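You will see chain A twice below: alongside chain B first, and alongside chain C after that.
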Partner chain A sequence: MDPSEVEFLAEKEMVTIISNFSLDKMYLIGGDLGPFNPGLPVNVPLWLALNLKQRQKCRIVPPEWMDVEKLEEIREQERKEETFTPIPNPHYMELTKLLLNHASDNIPKADEIRTLVKDIWDTRVAKLRLSADSFISQLEAHAKLDNLTLMEINTTRTFLLDSLNSMYKLRASLQPQPAAKGHHY
Partner chain B sequence: MFLTDIRKEFYDVVVNQRVALFVSSDVDALCACKILQALFHCDHVQYTLVPVTGWQDLGTAFLEHKEQFRYFVLINCGANVDLLETLQPEEDTIFFICDTHRPVDVVNVYNDTQIKLLIKQDDDLGIPAYDDIFRDEEEDAEDSGNESDSNSEPSGKRTRFDEGAVERRIERQRAKREWEARRREILFDYEQYEYHGTSSAMVIFELSWVMTKDTKDMLWWAIIGLADQWVHDKITHMKYVTDIATLQRHVSRHSHHNEDEENSLSIDCMRICFEYDLRLSLYQHWSLYESICNSCYTTSSFKLWSMHGQKKLQEFLADMGLPLKQVRQKFNSMDISIKENLRDVIEESSNKYGMKDIRIQTFSVHFGFKNKFLAGDVVHAAAALLENVEKEENPSDNFIRALDSLSRSKLDQLHCGIELAKKKLIAIQQTVASCICTNLILSQGPFLYCCLMEGTPDVKLFSKTLALTLLCKYLLKSFVRSTRNKRCKLLPLIMTAPMDVEKGTVIVLGIPPESETSDKKNFFGRAFEKAAESTGSRTLHDNFDTFVIELKTEDRSKFLDALITLLS
Partner chain C sequence: MADAFSEASDRSEDDSQDVMTPAELIAKLEQAWLNEKFSPELMESKSEIVECVMEQLTHMEGNLQRVRKGDIKASIHRMEIDRIRFVLSSYLRSRLRKIEKYFPHILEKEKSRAEGDPSFLSPEEFAFAKEYLANTESYLKTVALRHMPPNLQTVDMLKAVPKPCLDSFVFLRVHERQENILVEPETDEQREYAIDLEEGSQHLMRYSTIAPLVASGAVQLI
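Right after this comes the complex of A and B.
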């Protein structure tokens, strides 16, 4: 999967916006988009929120977890634990990037949030790499990957699968074969 | 006609239509275009952008697009000429004109249906009253009706009625002749002097403000539009200061969000601040020394084309305590201790050397960690990109590159423009120095005349209007400082430079005399027209500014002689 595909999937997340126009309720295939009234908050998918923001038709309210203290706590916890800690949103990385690129004037302390989220990401991906490394080298049969987000899995997916495949082929070619017919390849 | 409510009468009309945007090639028009494009993007308005460089371009573009569009928006072109006459549009075509060129043609003012002017009705427009210029034809018909009645009277009374009718007719004809003479006079006075009005970028920014869709980007573009009018000397100092005050109100409104410590904005957000900064072009992107040597104000005050002037400059730098090594470095690498009080130090010293206005009110923008630009810097960069002669590109490509340089995401274009602007300023100063040292400026009686010959270095740069205008103004300022002849100081300047070698034409440009209280009104437009007519010279009055024309090189001398006779 391409990271841009993961980002596309992340755009389905709901965020709160405060619109400055009014529109009746819209009925789309994916769900209903509530009536828009100026000055009143409404929940919409991220793709719509970003489009409206770029057309200056709304103000985006930062999600609850996008707060300096909360993120600092999460970062400390992540650094202490060996396994992956639960994180507030399964698409935190994509949300942070999109919101901070397009709506940083609506988000207080945007620079610190960007640094904190990057720290959390770095810690988690480092743990993932360690875990993948030991998985392959020690030929473990299963690993516990709770609380991983799609974006993080995506970074290691191709590498992990390809290396496991190669290991399997190497191991398979070591064992004596009953019939000398052409195998997988 | 003038629009009173821009939002209802212009924006709400075009928001559901396809619009053709014709934009002239100057920085103010670029900025207005950017703001309008941003508004159109917000509302998904379909538009076609066509850059135009002159009347012929405008005509061809109009012919190409008249089938598909009913609504045309013209930016910085079209107000000073009878548009319906020139373009011959259909009955239902509507033109929205946002133009700084004044005087506005009277037909454009009094046409109620097809021409809508996005111009504020300031006091300084001075438009003649309707009745003084246009006369209904009905009055004549009435009287001729009376005549025919009186002719059918019985012959006995004919002599008396005939006398009465003849007297009345003579009276009417005399009144008509008087009226026409007065009309000619009024129109002559009205159209004699050309000048510029409020920046188009500011007008369109006001439109966005009225719709509460204004952003800091749009405000920055409006600031650049105003700065363009000041850099190219199109408006008076009074007007500039007044407009700066208007923009300052908008800037304070936008920046009060930054103030509290707890919710400070990201460093990437755009911050606009008012600055009372130095009048040195591009000094923050150059070294201080280079900037002083290549800015008009300092060069003409110090007379840097002479040895004496160079020595004065060294004294000036020593007086401020700035070591030469520091001053010749790139500005960003200067010592912080020197940079801190630089403006105040320079202002103090320059007062001693007779430069009272070294500082000027302007705005600067700040986004990201590296990017700080003054409004004047961006104007120079965009103008240099618009008239780039280095590569053989067509004008539309240059236009698009210049337009790109105004957006925040395309900073490499802006930096490229700044480099080109530096080269342009150096070329201008060298040309000015050589013209003054070799006495190329001759007094022809009613005006000063300077001719750039074919082989002069960088003469290709000066085949373009904006660059030649800057050169003219700097040259006149420097000349006024260098000459001892008191009469010459009050004369206007006409400059010619080779425009197109193959076609054998020169570009001729005239600017009004230099003075502190100049009202920047230029009479050369009409003068050039009359001179061209009377001598039959082959001229092309293609530019939207009528004081710039193209002339065949062979006709140059007779054209100039005609001008001398006309103006003395």
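Right after this comes the complex of A and C.
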């Protein structure tokens, strides 16, 4: 899966905006939105929030977890635990990136948040690499991956799955098979 | 108020067998999209969902024709349409890619399908697969086979094209709790063991182990 497609899915996450225009309730195929009133908060999907922001029609309210103190706590927790800790949003990385790139003026301490999220990400991806390594070396057939986000899975997907498949094929050709089932071309 | 109420009750009668809101429909399409993207084999055709989504899109586009340009509402609707259209075409494209990759096996499966069982291909996809087979065969014939000695002039497509590898590993998320899923051992020294799939949990395992659960919607590939 292309990272941009994971980002596409992340754009469905709801965020709060404060619009500077008024508009009646809208009936989109995917659900109702609005009504929009100047100065009043309203929940919209991120794709719309970013578009309105680019047209300077709204201010984006940062998600509750996008806060230096909360993120520091998560970072410490993530470094302490060996397993993956629950993360406040399944698309935390994409949301951070999109919001900081397009609406950094609405997010207090944007630079600190960028660094914190990057730290959390790095810690988690390092764990992911370690567990992928042990998964392969122990020839496991099943792994539980709770709390892992789609973007994290996506960073190892191609490499991990292709390696597992190649190893499977190599092993299969080592074991004598009663009826030649594999392909030999 | 009375009018709105009677309209709503009319509608619920019409849709009594199939109560799916447009939002649920889009969610179904997205599920089918991700499943198709990650499963090693071609999934059952979701022509019904595709048709309903197309209907929604055409309807919405029709409405937009009447709105003047530059209207903010129209631009929001248009963005949503573009997003849905992207998922829809990505879904159909990934199906076509698999048909091109595994066409002999897919057609074979379609041939052996029992009467009344749901088809794996939409009528259009079926026509595409047949044409793809015919074109490949005639291409091989004109380019090489007719120059071969007579006894080597045929190719069995089923043997020439590799089968989808159902033993591939996949990532998945559980929608409905499942008990006693048998995990087959990787080596002869290991023993098989059973696991429970808790709702909301995520796993990495072989596609063949959970293929029926993907088809039934109990688990979602991610």
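Everything below uses one rule, namely that the second predicted complex is superposed on the first by the 180 of 185 C-alpha atoms of A that agree within 3 Å, B and C clash if a C-alpha of one lies under 4 Å from a C-alpha of the other, contacts with A are read in each partner's own complex, and residues count from 1 in each chain.
Keep in mind that, in the parts below, a residue touches a chain if its C-beta (ideal position, glycine included) is under 8 Å from a C-beta of that chain, and two chains touch if they have at least 3 such contacts.
Values in this document were obtained by computation on a predicted structure and should not be read as measured data.
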Check your understanding: Is this a clash or a fit when chain B and chain C both end up on chain A?
Key -> fit
Practice item. Report for A:61: first if it touches chain B alone, second if chain C alone, otherwise both or neither. Key: neither
Review point. Is A:18 contacted by the first partner chain B, the second partner chain C, both or neither?
Key: neither
Review point. Is A:153 in contact with chain B, with chain C, with both, or with neither (first, second, both, neither)?
Key: second
Exercise for review: See if chain A has more residues touched by chain B or by chain C, and give me that chain.
Suggested key: C
Check your understanding: Can A:136 be said to touch chain B (first), chain C (second), both, or neither?
Key -> neither
Practice item. Could you tell me if A:26 is touching chain B, chain C, both of them or neither one (first, second, both, neither)? Key: second
Practice item. State whether A:145 touches chain B only (first), chain C only (second), both chains, or neither. Key: second
Practice item. Scan A:165 for contacts with chain B and chain C and give back first, second, both or neither. Key: second
Check your understanding: In the superposed arrangement, does A:47 touch chain B (first), chain C (second), both or neither?
Key -> second
Review point. Between the C-alpha centres of chain B and chain C, what angle is found at the C-alpha centre of chain A, to the nearest 10 degrees?
Key: 110
Point to revise | Lowest C-alpha to C-alpha distance for chain C against chain B (Å) | key: 6
Review point. Which residues of chain A are in contact with chain B in one complex and with chain C in the other?
Key: 57
Check your understanding: In their shared complex, at which residues does chain A touch chain B?
Key -> 20, 55-57, 100, 104-105, 107-111
Study note, to complete from the structure: Per the touch rule, the chain A residues reaching chain C in their complex are 1, 5, 8-9, 11, 21, 23, 26, 28-31, 33, 47-48, 51, 57, 135, 139-148, 150, 153, 157, 160-161, 164-165, 168, 171, 175, 183, 185
Check your understanding: Which positions of chain C touch chain A when the two form their complex?
Key -> 22-23, 26, 30, 37-38, 56-57, 60, 72-73, 76-77, 79-81, 83-84, 86, 90, 160, 162-163, 165, 167-171, 183-188, 190, 195, 201-206, 222
Check your understanding: In the complex formed with chain A, which residues of chain B make contact?
Key -> 41-43, 212-213, 215, 257, 262-269
